[in-house]
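Okay, here's the structure, questions in a sec.
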Amino acid sequence: MLMTSEQYEESLRKLNLVVYMFGEQIKNVVDNPIIRPSMNAVAKTYEMAHISEFEDVMTAVSHISGERINRFTHIHQNTEDLVKKTKMGRLLGAHTGCCFQRCVGMDALNALSIITYDIDKKFDSDYYQRFLKYLSYVQVNDLTCDGAMTDPKGDRSLPPHLQADADMYLHIVEQNADGIIVRGAKAHQTGAVNSHEIIVMPTIAMREEDKDYAVSFALPSDAKGIIYIMGRQSCDTRKCENSKIDVGNVLFGGHEALVVFDNVFVPWERVFMCREYEFSGSLVEKFASYHRQSYACKVGVGDVLIGAAQTIAEYNGVQKASHIKDKIIEMNHLNETLYCGSIACAAEGQPEPSGTYCVNTLLANISKQNVTRFPYEIARLAQDIAGGLMVTLPSEADFKSPETGKWLEKYLKGNSVISTENRMRILRLIENLTLGTAAVGYLTESMHGAGSPQAQRVMISRLADVKEKQCYAKNICGIQEN
Amino acid sequence: MLMTSEQYEESLRKLNLVVYMFGEQIKNVVDNPIIRPSMNAVAKTYEMAHISEFEDVMTAVSHISGERINRFTHIHQNTEDLVKKTKMGRLLGAHTGCCFQRCVGMDALNALSIITYDIDKKFDSDYYQRFLKYLSYVQVNDLTCDGAMTDPKGDRSLPPHLQADADMYLHIVEQNADGIIVRGAKAHQTGAVNSHEIIVMPTIAMREEDKDYAVSFALPSDAKGIIYIMGRQSCDTRKCENSKIDVGNVLFGGHEALVVFDNVFVPWERVFMCREYEFSGSLVEKFASYHRQSYACKVGVGDVLIGAAQTIAEYNGVQKASHIKDKIIEMNHLNETLYCGSIACAAEGQPEPSGTYCVNTLLANISKQNVTRFPYEIARLAQDIAGGLMVTLPSEADFKSPETGKWLEKYLKGNSVISTENRMRILRLIENLTLGTAAVGYLTESMHGAGSPQAQRVMISRLADVKEKQCYAKNICGIQEN
Amino acid sequence: MLMTSEQYEESLRKLNLVVYMFGEQIKNVVDNPIIRPSMNAVAKTYEMAHISEFEDVMTAVSHISGERINRFTHIHQNTEDLVKKTKMGRLLGAHTGCCFQRCVGMDALNALSIITYDIDKKFDSDYYQRFLKYLSYVQVNDLTCDGAMTDPKGDRSLPPHLQADADMYLHIVEQNADGIIVRGAKAHQTGAVNSHEIIVMPTIAMREEDKDYAVSFALPSDAKGIIYIMGRQSCDTRKCENSKIDVGNVLFGGHEALVVFDNVFVPWERVFMCREYEFSGSLVEKFASYHRQSYACKVGVGDVLIGAAQTIAEYNGVQKASHIKDKIIEMNHLNETLYCGSIACAAEGQPEPSGTYCVNTLLANISKQNVTRFPYEIARLAQDIAGGLMVTLPSEADFKSPETGKWLEKYLKGNSVISTENRMRILRLIENLTLGTAAVGYLTESMHGAGSPQAQRVMISRLADVKEKQCYAKNICGIQEN
Amino acid sequence: MLMTSEQYEESLRKLNLVVYMFGEQIKNVVDNPIIRPSMNAVAKTYEMAHISEFEDVMTAVSHISGERINRFTHIHQNTEDLVKKTKMGRLLGAHTGCCFQRCVGMDALNALSIITYDIDKKFDSDYYQRFLKYLSYVQVNDLTCDGAMTDPKGDRSLPPHLQADADMYLHIVEQNADGIIVRGAKAHQTGAVNSHEIIVMPTIAMREEDKDYAVSFALPSDAKGIIYIMGRQSCDTRKCENSKIDVGNVLFGGHEALVVFDNVFVPWERVFMCREYEFSGSLVEKFASYHRQSYACKVGVGDVLIGAAQTIAEYNGVQKASHIKDKIIEMNHLNETLYCGSIACAAEGQPEPSGTYCVNTLLANISKQNVTRFPYEIARLAQDIAGGLMVTLPSEADFKSPETGKWLEKYLKGNSVISTENRMRILRLIENLTLGTAAVGYLTESMHGAGSPQAQRVMISRLADVKEKQCYAKNICGIQEN
């Protein structure tokens, strides 16, 4: 079944989420002005699946049911699926200009489809069947899942079991015939309160001493004991101003939340890893690889920023200046270099024992590493092209005021055929993407999401076969060693 | 006389400025929560002049009166003065973490001290004496001046007199025995409503057809017909939340305004250029050179950001990781490279005919060009070190709420000896400097203030003696030409 | 038939090439010490096709004959072929540490397989059949072809027919029943004197006035009237020193030559374009796209340089220093980013009307653009790791001399278990790749081969759909235009 | 006394240096074709001191004798001296296009003028008087000194006294009434065989166990037991081809040598440090700071390369293309940024107890760190502008040969008013500076001379006052700590 965006919104209204923001509990999550734009962005993943032009990219045929499903609930069956995932990310980034939040659940499902199978092979357990049953439920109901990995971590020099507070990593605190009880928290949870389900995974490789922390499971997002505390973003309250211009992005946005698990019960059929600490590292690595590929979405957001830069150049009447043209080229060059990375790791994907296709891990890390750099330079170039007015523009209210509106109308005119309002809108969009709410996603999230830059460098160091390269070098210069 | 910061604040209260923000006129400018931090930053330039440790940098001896004056009202008498100006900028940037706004007036005064003298030499006029009298008034009263150069410009491919709206550049509309009447606007006016005086200058080189636009003068900031419309900044309204933490910078900030001149009268003794279009270009160039040097302030803001990055690294417990140390080194390296540029153009300064020392123009442009690049990279590295929590941190209200405060206290603990509140404060400061109100000054203003990057490149192209370099090259490889 | 490397060498001995170097004609081209390493590199493309481990990459099944052929003579039938081409380039780069020269002919064949078909469609000509016959000859005999595109160009601001010297672009000077006679020259011809065939193509898009310049054909490399003048390279004569160490790369190298066509006759069956100027631009674009992909070879050379850097780090005993490890990671990161580009443009390839698969043109340009940058940074990092000894190392003769050898043996010892000779060898290899003969290929050729950086930027500007991006941006910020 | 360049050359002929190259002893060092260009470059430091236009920069007044002396023998008496040193370096770099070698001795003299004084203050020794006497001898005779610091170092993880071979650092092996006997070697000695004197200094900070290694002294360069083994450079033997074009730089070059001290006697009056290990680190730091400033010479070489790039752009007829102009601007920008660093550390210099002025150590390190980066980018841009012909150009002999000369004359013509020979000359100069002998100095020496990049980063880390920056940050965001 493919939900419509309206159905999606309705389904959210039925949830009983415990959400706090600015120190107060939010009764109506869906209509909260700060949260709603992020809901709209997720809704776009439903809406576009119904548009025939995008069907090939936005949907897939379930390998379980044979039914057409939203690609966000699909398990990749070949490299074409992986490549389409990259294209879907770019497409949605371009249509929303922000983080649409739903990829993290897709990446969690795919990672679990590999690791539950691998655990079973080793321990003769039945996690994979449990997982498939759960997957089927997600596919049939076209659910949005939050993939929850990052623990607060406390003192980073200590493993989970040696932390002063045992809850700094989420862990099993009790176990009985029906299931387990867990405690802890997951930080930086993108799109958490727009999700039907939350899929928890461990955040690091573990040893036996940490086995209570080696736990993976899925729960409805409104399960008892789950508490959401919204993170705030640059310019977040501008969404409450009833602005249609100053907000920059009229409809869409993103959000992150801290999710607290206050002694939450998980029934066995929802548990996908329970103390198999040997597989904690692989699960992290698979999820991280998929999720590093997912940053193709930033190419789509980059498309929006390039389009905005070109537009303001035209509005300012400088689009023919050679240095402006060259900066647009450079923005495109960097943006497409990011695209190359995401495409390449997909095209070089390989099947895992479970049949799921996984991206090439080295190239996924290469790709994400560039994502931690290039959006910042693209944003810098966009600010260069935009001009200083981007940060000195008076407010929408000033434009609408009879006293000041006339002056702004008169003096903030650029190219005479363009309305001052439109010039203002595009400047506010660039502000949004480079300093405002969307900069959180386009810049800082590009830096730290799916692992901070150093995490990728550690992986590159591990995966680049330098010994082989040394053989090449030694052969070529005639070094013979024993 | 050296005003105290209290006297400065009082002096502002006496002004009758016409200021609009969010579509409404502001009655009490000084205490407006969005404006006040910018007033505090200017006040710091008064406060520090009274601290003996900083006297040498913050003050100078007037070449007119022989009295000790605030350096911001001083005319540079030698290269030492220029070097101290650089150091004053860095010092104040470090103490405020933002734009302290007062340099633009200092740069305007120095530029006028050169050009009024040069005009007189050519036309046997008496602008220089007028100017000196005005300067004396500024020095004796320790005034803050806004240096107003940038016109709205309209269609950038047309000169002033061919614009569809003749007011797109500020111009003389009438002249009589008492003075002149001017109309137009100046955009992006930093610190405008914290100034006692506004010094207007033309914004481009001009030809005879544009002579009505070749005008420079000074007025009290509350002269009749001057209207201020405040620009808004990323996260501006956070200052209205009564927050002490989320605001990032507890005391200081900056602001820009659009200043409209609605048929404003200027008496002759306040007019410093009146249709001498041949000197319009030189005035722009001198002001721009001084002002490009002034971006030494960003080195001070960079000091704050480096300090913040080191602090969060310690709070996160990762300060000994080699990649963290290396990033701090890189931040310092880039920041000190900026400092080298500002010092070098000062140390290589030369006297003008009036006796005023001007910076080396080529090196001032080199310096500013780097300012359009390195703060962005320093900010990127700061975000890298900060970690993702910088953009997912719940609000100050959540920390103080009994329902959510306990969870945040528990789960957002880093290094156990550091209070969660302090960790939050330093993260908010990094947010402030890289995405929030201060990012407007540290990033976008670094890009466009004192001329956008391409303006510097044009100057570099003009000033670098490539023909001489070609002689070197040809000699060395044995090319003989006629 | 797959030739062996020995057969290849023998086949070259049978050619009667007219080759000049250092002002003299070379009688024995194959054994000339400066040329021979480049012959060895081409020979490697024959040798490796016989090694079963590499068969899948190095060979393909001809779509004409169904026979297994060397991939360098293959027409790409699907994206897998394109991806394997990328892998073949990297593989050979890693095995030779230099330019192996044979890709240019492969790219010419593939481009012609598209364009001859397209011309026929429009003009009902029979170029495609001619071409297939010729292709079959190349495949059956496993020939190496030089793809000759770049004309001297003279005054770059003028089209071919307006040049002072009509020969600055190669052109048809006569035509008769048997064929055509051509005059002109092709510059920078990589591997020219190691080729059996030379395939000529025009170098720019043309208009009707230039139609005599719109010509493509193939000739045996020793056809009457073809003259080769060898270009010299940095450190070229070091190959004549009988050195085994100082030469850096013991066996392999590259070369370029200026090829003069002094009224050369081409029979009709070898003519593939004759005045169809409308297709000149497409032929250039197809060839350029393929050839921009081909720079995957530099990833292989990068592998060698990374291997060399790691090795000298170990020999110097500094391989565990964190900054060294980080530099190796950065080298790998940049190198794999290049790989992503070449893989991505291959994986996103599409069939042309003739059935030949062509790479994604935009991504091929993106990929090449990065090749004009990253090898320089990789080389810089390699020099950083190598240490200054790389450029102050005494000669091989000094090492072997009884008088000086003892001092070098004693004082140039690094890690005590490593022989000084091996340390010397690896340093010489890094010198070779960053300053010496191989730097010509790894750096300057990466800059200018397959089009200089600006050529790619023009293509990026043309191919990046900025208008679509503007639609995204305008939708998102609510701009409605007519 | 100021020697003329002729007198300098004659003085060298009188030396009895033991010099080896290519495994053989060189009888006539001065006229050896590989060495002579480096002698010419040093000679330029003598020649230019006699040209009145350059007197102010090239000479100074001795603080000992009050006589006018060559600045290379001067002890800096104020910041003006330091600034002029920077200008002298740039000037000579621009006039020679290479390393002129003489700064290292100047830096050694200045460092010793500080440290010998400091040692005396602590130990009541008389090194400073010895040094002044020696300095006077150098000044009166206008000598060129080699400043010899870098030891071979062997296993870098071990201090001198724990090396397997005790000679890996130069040390005192005997001491008697007349003086000391030393053994060891100094690597990478720039201009060694063009020097009258060699001034030895230790290469690292030392502890008591290493005290025999804490030794500094000066000797005539032809003292008994000193052996020079010449390092080879990229394209070195091209100088032996009797070429006037292919050599790129017609007159000038550089050289480095390994200098072996085979039980060399030093009389007491020439000993400036003898086991005062506590001062070893300071001597290294002072010398390194001065020498990092000295890399201003690369700005001069950069001037040559920029001039060459502009010239080839004109010869190719592309000088008006906007991307070419922009690349020239970027080259200038980077080059002048380097200049700013060297000027700034000089202008911010401070007096030492001995009265000698020393550069600002932090800024000197900042400056040198940029030197390890920007010349590589300038070189890359030069290659971009030059075009591929730079590396495919046939030899000078081909141009002169009747058989091939006509073809080259015809086909390698660019702009028609420029002779092909001149085009060739400028291309060869760019090759020389980016790949050839001069690239050794402009690139690799910029990387490793005066300490490799990591050495500067360690110093930046030590000297940047991050604690103070943390205070700024904490104050601003309201953190109060105990």
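Details
Here the chain labels run A, B, C and D in written order, and each chain numbers its own residues starting at 1.
Methods note: contacts are C-beta pairs under 8 Å (C-beta built on N, C-alpha and C of every residue); 3 or more make two chains touch, one makes a residue touch a chain.
The structure displayed is predicted, hence computed values, not measured ones.
Under the contact definition, chain C and chain D share the contacting chains A, B. To overlay chain A on chain B by their CA atoms, one rotates by 180 degrees, a value rounded to a multiple of 5. Using mean Cα coordinates as chain centres, the one most removed from chain A is D.
Copies chain A and chain C of the same chain sequence form an interface built mainly from equivalent positions, shared numbers / all numbers used being over half.
Chain A and chain B have Cα centroids lying 38 Å from one another.
With each centre defined as the average position of its C-alpha atoms, the distance from chain A to chain C rounds to 40 Å. Once the centre of each chain is set as its mean CA position, chain B and chain C turn out to be 52 Å apart.
The multi-chain contact residues of chain D, meaning those touching 2 or more other chains, are 323, 326, 457. Chain A makes touch with chain C in their complex at residues 83, 94-97, 244-245, 248-252, 303-308, 310-311, 325-326, 328-329, 332-333, 336-337, 339-341, 343-348, 362-363, 366-367, 369-370, 422, 425-426, 428-429, 432, 457, 460-461, 464, 466, 468-479, 481. The touching residues of chain A, counted against chain D in their complex, run 322-323, 326.
Of all residues in chain C, only 20-25, 150, 152, 154-157, 164-165, 167-168, 185, 187-188, 227, 229-235, 237-238, 241, 246, 256-258, 260, 316-318, 321, 323, 372-373, 376-377, 380, 383-384, 387-395, 397-398, 400-401, 403-404, 407-408, 410-416, 431, 435-436, 439-440, 443-445, 447-449, 452-454, 457 touch chain D in the complex they form.
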